[in-house]
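Right after this note come the structures.
First chain A sits with chain B, and in the next complex the same chain sits with chain C.
And now, the complex of A and B:
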């Protein structure tokens, strides 16, 4: 049963990821990426991390992808035809990524086969994560909050009108 | 219980698809979405290893990666909006203002 769910949602994740990469229309790509992220959230549940599955749905599928869709629609990109890529770039890109993927999976199968899991169950609920986060990882947590503030300021600065434009 | 290497192989496949998108596409937004795909593949690896070795730290790394990905998406999309205002396109080949 677990294996059936795993293979079903793994197939969904991979197929929608391929749609993101191969489809010409960025709106279709963004919506496919949302579907792929939902399938990954199912993977997190199978890995006994329900808290991160919820975060995946809320933060990735909910917030980040909505930001992408807003930008695509704000710039009206859904009608814009993407110029064709040069054949040499296509060829080199597909060859290099295929070689990379084959190498990655070869070394995974060679070195990272785990035949058994630990016997005791892994409790990774919000409580465990929260205690660890606010004990050992308080400093990185605060740094992330500063980083987010800097990102807000940077995004406003980059996307807003420059002072010269605003005056004219 | 599904063995850990199943998740690792799935993660490798998703990461490879992301690499393919970055290398072959010209649309800036699509390249950005491919990068998000790669980040998610790495998150899956972190969670799979966290369960294999019973380390909560792996889950916390995923937590931080999500926060940093949000910041990265905000700044990156702002850069694309700025590029679109200057060049009326988000084709990354047109972004050659700092070309030597």
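And now, the complex of A and C:
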């Protein structure tokens, strides 16, 4: 049962991820990415971590992708074809992705497939994650919040009118 | 998950799903009737009164009309997304209710039928479809997907008004989801758990005793620490369900009908159903978080079938009351301006929700909760 569900949703995740890359329409791409994220959330449920699954859907599928979609719609890209790429761009793109793919497969074979995972129970409920976050990882946690604050201030600075402009 | 396959468990699960789905699918026709009669009452006119007694069968006539109408797909529409959108819109509305408890759990007595034992005695029936530890987060996760149905519908219709409706809906839902979630955090802090059964158990059959005389049920709405949170949550619930005074996604006066302008026939009816089911889910959630869930005040429900039945009815009664408030507000308060909506969301409700978290934390530190 678990096995069947895993392969079903793994297939869904991969197929929709491929649609994201291959489809010409950016809106379809964004929506496929949502579907792919949702299938990933099912993986977390199978790992008995419903908390992580819910967070995956809330943060990625629910919040971030809505913003992406929002921007795509505002830019109104729906009928615009992609401009033709130059040969050098194509060459660089293919080389980089091939290198990345080979590296990924190498590490998967080396560490994931032939290494047996430890058989310890997996705790990923809200309590455990919260305690870990505020005890062991409190410094990186606070650093991330400062990073986000800097990003917000930067975005406000770039988008907002300066004080002088607003007055005139 | 690794446990053995239990047939009785599966049957019970299917039974629970059937009960709750049955109620949720019937919410729409009933609520349409309540809305039309309610609006008529408020506006001092008769309302639908031809089909059946008090126009009760009007919803059936409406449903029949929807089924018989021609299903039109605009020539410019993105066919795939256009056809998929109503289903995607309905999906979160139907699934979110799975984690909300709707009655007192009880022990199933041993039952025999034709000399065969149906149930092993002593099995516990918990009236919630999926009592997961992530609880309320599942609701927020699925509810955050409901914006996609609207966005897909608006974009794929290739209609400017539809697109405006969809963009407004996404902006509005992103803004109010934050306030909604943060308001709920206060309740979860008090309950010490994300699980909604824990949230109800913390309120049910407990009492606040004032001056050793007055005994008040320990519902969250009674506690002064929760008043702000209740206010923020319920107002944000209106914004989340796109109801007047926040129905900018389909503001008739400005956008024809917003994101579902191009839809007809059953596809339009599905959007309609999704809206009412989302309302029902929000009412159920407010009931669970603030109104003590299935708890009957000053009455200790026994853990028997009778106790379950009474608590289930109490839950439905509270939910219906809130659903009526949704209708009442719609026909009383006019639509706000869009910039006011966004300003209130970010500059008023969000800070208020944060403030309430601090208040609740202080109450917990002082051991008042």
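Convention: the second predicted complex is superposed on the first by the 121 of 168 C-alpha atoms of A that agree within 3 Å, B and C clash if a C-alpha of one lies under 4 Å from a C-alpha of the other, contacts with A are read in each partner's own complex, and residues count from 1 in each chain.
As a convention for this text, a contact is a pair of C-beta atoms (placed from the backbone, for glycine too) under 8 Å apart; a residue touches a chain by one contact, two chains touch by 3 or more.
Quick caveat: nothing in here was measured; it's all calculated off a predicted structure.
**Student:** Please work out whether A:93 is in contact with chain B alone, chain C alone, both, or neither, and reply first, second, both or neither.
**Tutor:** Only chain B; A:93 stays clear of chain C.
**Student:** Is A:55 touching the first partner chain B, the second partner chain C, both, or neither of them?
**Tutor:** In the superposition, A:55 touches chain B and chain C alike.
**Student:** In the superposed arrangement, which partner chain does A:14 touch: chain B (first), chain C (second), both, or neither?
**Tutor:** After superposition on chain A, A:14 lies in contact with chain B alone.
**Student:** Quick one: is A:126 in contact with chain B, with chain C, with both, or with neither? Answer first, second, both or neither.
**Tutor:** It touches chain C, and chain B stays clear.
**Student:** Check the contacts made with chain A and report whether chain B or chain C touches more of its residues.
**Tutor:** B
**Student:** When the two structures are overlaid on chain A, which partner does A:147 contact: first (chain B), second (chain C), both, or neither?
**Tutor:** first
**Student:** Going by the contact rule set out at the top, does A:104 touch chain B (first), chain C (second), both, or neither?
**Tutor:** Only chain B is touched by A:104; chain C is not.
**Student:** Tell me which partner A:158 touches in the superposition: chain B (first), chain C (second), both or neither.
**Tutor:** In the superposition, A:158 touches chain B alone.
**Student:** Check the residue A:74 against both partner chains and state whether it touches chain B (first), chain C (second), both, or neither.
**Tutor:** A:74: touches chain B and chain C.
**Student:** A:63 in the overlay: touching chain B, chain C, both, or neither? Say first, second, both or neither.
**Tutor:** both
**Student:** Using the superposition described at the top, list the residues of chain A that contact chain B and also contact chain C.
**Tutor:** Shared contact residues on chain A (touching chain B in one complex, chain C in the other): 2, 46, 48, 51, 55, 63, 67, 74.
**Student:** Can you tell me which positions in chain A touch chain B when the two form their complex?
**Tutor:** 2-3, 6, 10, 13-14, 17-18, 20-21, 26, 29-30, 33, 36-37, 40, 43-44, 46-49, 51-52, 55-56, 59-60, 63-64, 67-68, 71-72, 74-75, 77, 80, 82-83, 85, 89-90, 92-94, 96-98, 100-101, 104-105, 108-109, 112-115, 117-118, 120, 122, 124, 128-129, 132-133, 136-137, 140, 144, 147-148, 150-152, 154-159
**Student:** Contact residues on chain C for chain A in the complex?
**Tutor:** Against chain A, chain C makes touches at 1, 78, 80-81, 132-134, 137-138, 140-142, 144-145, 147-148, 151-152, 155, 163, 166-167, 170-171, 173-174, 177, 194.
**Student:** Over in the complex, which chain A residues touch chain C? Could you list them?
**Tutor:** 2, 25, 27-28, 31, 34, 38, 41, 46, 48, 50-51, 53-55, 57-58, 61-63, 66-67, 69-70, 73-74, 78, 125-126
**Student:** If we count contacts the way the header does, which residues on chain B are in touch with chain A in the complex?
**Tutor:** 1-10, 12-21, 23-27, 29-30, 32-34, 36-37, 40, 43-44, 47-48, 50-52, 54, 56-57, 59-60, 62-64, 66-75, 77-82, 84, 89-91, 93
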